[in-house]
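Lettered A, B, C and D in written order, each chain numbered from 1.
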Amino acid sequence: MTVIGHIINGEQVNSHGRTQAVFNPATGSSERSVQLADADTVSQAISAASAAFPAWRNTPPLKRARVMYRLKELLERHADKICELVTDEHGKVLNDAMGELQRGIENVEYATAAPELLKGEHSKNAGPAIDAWSEFQPLGVVAAITPFNFPAMVPLWMWPMAVVCGNCVVLKPSERAPSVVKFIVELAHEAGLPKGVLNLINGDKEAVDTLLTDQRVQAVSFVGSTPIAEYVYQEGSRHGKRVQALGGAKNHAIVMPDADMENAVSSLIGAAFGSCGERCMAISVAVAVGGAAADQLVAGLSAAMTKIKTGTGRDNSNDMGPLITSAHRDKVRQFVDDGVSEGATLVVDGRALSVADHPDGFFMGPCLFDHVTPSMRIYREEIFGPVLCVLRAESLEEAMNLINDHEFGNGTCIFTRDGEAARYFSDHILVGMVGVNVPLPVPMAFHSFGGWKRSLFGDLSAYGPDAVRFYTRRKTITQRWPSSGVREGAQFTFPS
Amino acid sequence: MTVIGHIINGEQVNSHGRTQAVFNPATGSSERSVQLADADTVSQAISAASAAFPAWRNTPPLKRARVMYRLKELLERHADKICELVTDEHGKVLNDAMGELQRGIENVEYATAAPELLKGEHSKNAGPAIDAWSEFQPLGVVAAITPFNFPAMVPLWMWPMAVVCGNCVVLKPSERAPSVVKFIVELAHEAGLPKGVLNLINGDKEAVDTLLTDQRVQAVSFVGSTPIAEYVYQEGSRHGKRVQALGGAKNHAIVMPDADMENAVSSLIGAAFGSCGERCMAISVAVAVGGAAADQLVAGLSAAMTKIKTGTGRDNSNDMGPLITSAHRDKVRQFVDDGVSEGATLVVDGRALSVADHPDGFFMGPCLFDHVTPSMRIYREEIFGPVLCVLRAESLEEAMNLINDHEFGNGTCIFTRDGEAARYFSDHILVGMVGVNVPLPVPMAFHSFGGWKRSLFGDLSAYGPDAVRFYTRRKTITQRWPSSGVREGAQFTFPS
Amino acid sequence: MTVIGHIINGEQVNSHGRTQAVFNPATGSSERSVQLADADTVSQAISAASAAFPAWRNTPPLKRARVMYRLKELLERHADKICELVTDEHGKVLNDAMGELQRGIENVEYATAAPELLKGEHSKNAGPAIDAWSEFQPLGVVAAITPFNFPAMVPLWMWPMAVVCGNCVVLKPSERAPSVVKFIVELAHEAGLPKGVLNLINGDKEAVDTLLTDQRVQAVSFVGSTPIAEYVYQEGSRHGKRVQALGGAKNHAIVMPDADMENAVSSLIGAAFGSCGERCMAISVAVAVGGAAADQLVAGLSAAMTKIKTGTGRDNSNDMGPLITSAHRDKVRQFVDDGVSEGATLVVDGRALSVADHPDGFFMGPCLFDHVTPSMRIYREEIFGPVLCVLRAESLEEAMNLINDHEFGNGTCIFTRDGEAARYFSDHILVGMVGVNVPLPVPMAFHSFGGWKRSLFGDLSAYGPDAVRFYTRRKTITQRWPSSGVREGAQFTFPS
Amino acid sequence: MTVIGHIINGEQVNSHGRTQAVFNPATGSSERSVQLADADTVSQAISAASAAFPAWRNTPPLKRARVMYRLKELLERHADKICELVTDEHGKVLNDAMGELQRGIENVEYATAAPELLKGEHSKNAGPAIDAWSEFQPLGVVAAITPFNFPAMVPLWMWPMAVVCGNCVVLKPSERAPSVVKFIVELAHEAGLPKGVLNLINGDKEAVDTLLTDQRVQAVSFVGSTPIAEYVYQEGSRHGKRVQALGGAKNHAIVMPDADMENAVSSLIGAAFGSCGERCMAISVAVAVGGAAADQLVAGLSAAMTKIKTGTGRDNSNDMGPLITSAHRDKVRQFVDDGVSEGATLVVDGRALSVADHPDGFFMGPCLFDHVTPSMRIYREEIFGPVLCVLRAESLEEAMNLINDHEFGNGTCIFTRDGEAARYFSDHILVGMVGVNVPLPVPMAFHSFGGWKRSLFGDLSAYGPDAVRFYTRRKTITQRWPSSGVREGAQFTFPS
């Protein structure tokens, strides 16, 4: 049994104490375990980061960026291995993992632009013969705490921008899928990242709490569920840290009667069931405007769902892999049971699915509900599984009210050809990331990722331009040089 | 006795219940009182702001900005009255009030640039035939809670930027100097601000707590002392609000041996004793590098201090007015007593000063301590009065360590001619606002104001570019238009 | 007879020599004449500008901007007089002049943002302990040469941005409508512009040629016809000047079959016939896609045109005033004659129109041609009069090819509801300013104005962000301070 | 004898007709020749670029940027070969070539930021329910014409930014050092650049003139001597092209009496004699302020110059290689002869230097003149060889006047410790690139390169942010969607 440890100050570190099994969700078996750092080990990582900071902050941004150029090469060179590590611990299909990695690499690419992104604003003659300018200085030690569902990508949302801004990082990934991030941290060192600039800690609540309370940690970036995000935000803030904590979602797609229905159906199939619905940007609700559109949509979806192939992620001919744990699979099934009890029409039922050659895998087939209402639990809560709910509205306004009244505000999408509908929707919807005929409107790495309402706690979004502001502290310098006849005389600086 | 009430939805509102006397600190008498809003009154103001929001958010930024153009005119036209209101309730000398107002107007000027400042980033072909752009949408209702020491300026740091970004505001100024802000809010309405966009509430902790807990308030900007700032930040954050809370300071000036000593002395006199030291950017500590510089500095300062004229702020020939309350004057005197007890050398003693024609005013003369050490209370705590402490260091590094070890990190300054000293200092000092031969490095309105360490709680600084980011929520829109032969045929949109 | 002279160094200057009559085109009579500066007078203005430059360049941008705040107030206060001056010399209807002035004021408003717009880019640690930043320094003396058709607005496109960037200006407006710009230059001085910063010269080719050849003039902004624009660009460039020269246009609107036809018709009536078609952004060609749309469009336009009221611009109940000169009116009539000869269908004929109470005014009624083809002279050339040509295309692609093959590329517009059509059109059309359901897509003052192809000679567009780049020269400063033990010792700067 | 041809549409092309010998300046012998394209061959390259444009402009900037990431890898992998090609045809020492290449790679790095750099500005609600945004669209086919002295770097200043902006390029390098650029163009194709996007033409005036006159070429970037730069600018502008043409220089360093003299001397040695003075940023004039400083400086320089080792560039122990041709060597010698005749003091005379093992190489030793005056030819003209002139001034003002009166304004530098001197100098000097204690203030790739006065013809500087503006055309789109009840009804788009 392989035991996955930590990387502190560029060295592999094995702490004593607690460990936890890491499962392959396609087989249901476990061949690895992960160490769960205690407070001392976390503190040691913070110390390593603190020690590396003075030299790293003085390193020109261009040199910091060059580590990212090399990391990009290494990530591309080792893409297959990275995807296998993702698939074996998360379960998603290999080419879905490749998509995840690609998005992660795009954040590394954006980080190469550090010299451009870190420019301050310079005001010549802010006052008479007075200049002023801003510098965006690194914070010091920052922590990143990341979820299981994008084990390669979400860490790459965070630490590359943090380090090119001059910070040193303690990264704590999900203990359910720890291998891929460990490999990538090793690649970062191979790419030339100095020791101590990026430290990896595996762990659970004890590690998290240590990061949230240690006075040396200046900032925390977090992605996970809303209750934990809120806890991280409150605790971190209370201890004087800058925090951005991204939480849950219930992303709606509105299908207008003028939409290209074929395109809408195929987009929704991918957006709802890709990665088994375990994405914070997954579409879990479709709202059809008008009865005719609703009937067409449900017919189209149920037909398309018959073609979805579920099985091990190692086989790229599959569309969907397993869920992350058996407990989570059971929880998703319970949601479906509840939906039926509450009166929704279960048009496609994937609960009973079993995968022949992987009888112990945590599989479940895709499910489609029609006639869902806002009061149902399957509508109110985030399921994080392959369950799509269809609601019916009489107008765009009614459909938008559903979204605006929901607890979450991460992503949303409209399918239409109409310019006015697109503009009205994107203007007035209380959601941070909006797609027009784009089902998964994840912002590109050169924009920033952030939901509204209870999908994000904090002022600034993740990655992109906001990450520069999050990972730096503004300093404003105002400078005047008193006149001493410097222009006239050759001898001015020599005191008599 | 005039009773100062509230302005809600553009109307003068008098709440019942508690009031508090407003004093003229130069005379020690009170001719006005101010109402202290209860929770219901505050809630009414929030309701008015909420109701005004939908129309105001849809108003083009250029039209919102035009209210600021007109407000600037009105502020300039009524400058004398504004300054008198400041002087009569705060005590500062009239032309000091004029300086304050000027800085406030500069924030109004910056707010006129809203159409430029609110531009989002547009990516053509973010992906193949996919465009993406960001919009910075207003938050909704935001609160501003401001201190007594800049009763005209600090509110103008906040609400003009908040409203040109499309928000509606509830403003709670200090209950000690409420008249001037009330007058300015009236001018804002005269300038064309629609009713409900800016609401004024007078009050104390009850009002503050209502603002911090009401779910409809999206954000809070605060300036005050560090303990209250921390409380506001914690409470506001805990209730899901975006908060920026600016607190106390202990601003050091370093005087290098190559400094133009005459310039340093005259700069320090103004920076330490202007506004009676009741400024969060006041210099309260001077660190001389080298014994010769220290001796020169103390000699220069004590000579210059004999010329400082203290008296009523209505007389522009005075340099310093009274402190804000008699209680505060007593507290400052106590600091000076403590300094003497702890062993510092009191070179100039202003404790006994009295002003002939204003025997009941809250006056105190300027004080200078030499040989102060880091352990003394007069060094560790913010005095907020006319007391300047001199410390002596052997090197720039030692002087900088003093600053970097202090609890606060608001402003600082170095006096030198040397380019390397200036650059090393501004690079490595853990302070947000840095002056080089500029004793009060308050950033211009087109930069942002923010301290480091326990001088600011929150991610983003006040006013300037950061205010745009603070008062808006990022929305990213990703748009694709599926191909339907639109270029080829004339009939494309008509269904058969 | 009033004789209109020059303003040099803040003083009214009357040169000797040539003058030219200024007509009221509504009455056909002349009560004013304008002096035509000879080379010496122009040189005197350049000298005044040169002399004012050193102090003005050193004036902080914020102080330069404040002149613009005051100018905005004065322009608003004197709006009625300004509009009357426009109407009496240009002919356009008063409220059309008010629209022109409003657009001019918006450029003054944008110029108030100078402190924000002039910020350079600051790179801390561009190299090891090396900082670098850019400054955008003013050029020196710049010239602005403006046309008759927007006598108030086009000068305000240019000189306010030029002066807030720190330049000094010699402005030569059209000799046909010189009064309004003279009045505005006087207001600028009243607003506090120092003498010599803005100088006004009236004149013709002799003045233009002097500006194009004098070595002290650093840059020229020009708006006029394409042949003159090309000449100005060639001559100015040849003499080492930075030049932006805006020329003619032939702006097409595409009407798609899904357009809201009522809206399209009413938009086109305003865009084609407003200001008698004497606008470089006027729509002079409408391309209907599909025969049904074409028939609807022509029917709608001809019906609407019967309601257009032509008469003196002093009467706001009129829709259209006279053309600028009788010669120009005759030229436009000749174009219509030619169109008939070439075989286009003259659906509405305004050639014979006369205005009862102004028999000598230079009036002409609106004309509509259908079935125009690309080879006709009325299609190829800019008419600059109230003549709208309709072409018929079978597809969007065909309609776009017409535009892309035309000599000019100033503005264009599409009427549609379809998102894909709007995006494809705006992406691929070879035109600088594109409207989607916006017939006159003149960029707001916070964007920049510039056509493509032979509508603009030069690299940078007029006003908005490009104006900052045009009116400044980039300077990049790279700074390093060699280490000399400054941090360690107190005595470092004193040589032994 | 190797014959170096062209690369058109990704293919090696050998034109018939004229060729020219390519020399190894260290040996004086020639083993390669280069083809000189006739007009037809150039036209063929322009055709290839035109054909590649439509697909390339539609390629997302991120994908265009990814070619640059790969090119960076290839340039680093083949660095040794690249440097050998530079050294064998230009003569500079290998590690000087490596420095050149490094600077070139930095431009490739900057080009990877294309998705960030090409963002337009988006104005939500520019007017009521009207949005407006700018796009920076590629120009089409652009030409780059580059000099011999940085055969690897200067092309990399130009075409990478041009192509990531979406343009297709015809590149004409110097015919004296054609091999390295050919190799790099091959690497660009290996990196994935599509055929036709970058085309290489070798040639002389015939090729240049074809590029300057062909209507399909939209823009020209040029670096060379001032007379040719002016010709390129005039001719290109006359044919409707956007042109930036960088010319000659005479870069002064001012040495203040408070400068660290040791640092100044060692900096000047490198800046004056590196690359044999054949750099447009070389320091060719040192102005000492005060007689003491001058004496120290001349003594220091002449001592240091005795240690300069001249010889073949293949040997990294040499400091200086040969000049580019024997004719140029003779021309530089003639300058030195003239300096002696005109009365300057030739302190160090390198005219007679010969290199033992390379008797036919175009070598010349470093020369130092003292007591040079402004009227001498060695001061007025650009020598482009290893000759440093020292002038003596009594004050900073006098030294600055020398610079401001000179024809050129490319680079300059001051050596001082004094903040005021540095600021006054950088503010008032009429030079585009300014160093403070930095002898070669070449802007980093994330800033832009451009001289003032007759060192640059055109509005925009080379590379960096200005390159984005130069290689794109601004398009402004204004969009409104007319209301048609889209929010209320489900059926809105279906006509009855």
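Just so we're on the same page, a contact is a pair of C-beta atoms (placed from the backbone, for glycine too) under 8 Å apart; a residue touches a chain by one contact, two chains touch by 3 or more.
This one's a predicted model, so the numbers in the text were calculated from it and none came from an experiment.
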The angle in degrees, nearest 5, through which chain B must rotate for its Cα atoms to match chain C is 180
Per mean C-alpha coordinates, the chain lying farthest from chain A is C
Counting C-beta pairs in contact for A-D and for A-C, the higher total belongs to A-D
The distance between the C-alpha centres of chain A and chain D, rounded to whole Å, is 42
Chain A and chain C have mean C-alpha positions lying a whole-number Å distance apart equal to 48
Where chain C touches two or more other chains at once, the residues are 62, 115, 119, 121, 123-124, 126-127, 129-130, 134, 417-420, 422, 436, 444, 446, 479, 481-482, 484, 493-494
Interface with chain C, chain D side, in the complex: residues 121, 123, 126-127, 130, 132, 134, 233-234, 237-238, 240, 242, 260, 263, 417, 422, 426, 431-438, 441-444, 446-450, 452, 454, 457-461, 465-466, 469-470, 473-482, 484, 493
In their shared complex, chain A is touched by residues of chain D numbered 62, 65-66, 69, 72-73, 106, 109-110, 112-113, 115-117, 119, 124, 129, 131, 256-258, 289-291, 293, 393-397, 400, 417-421, 423-424, 427, 444, 446, 479, 481-484, 486-494
In the complex, chain B touches chain D at residues 58-62, 115, 118-130, 133-135, 137, 416-420, 422, 436, 493-495
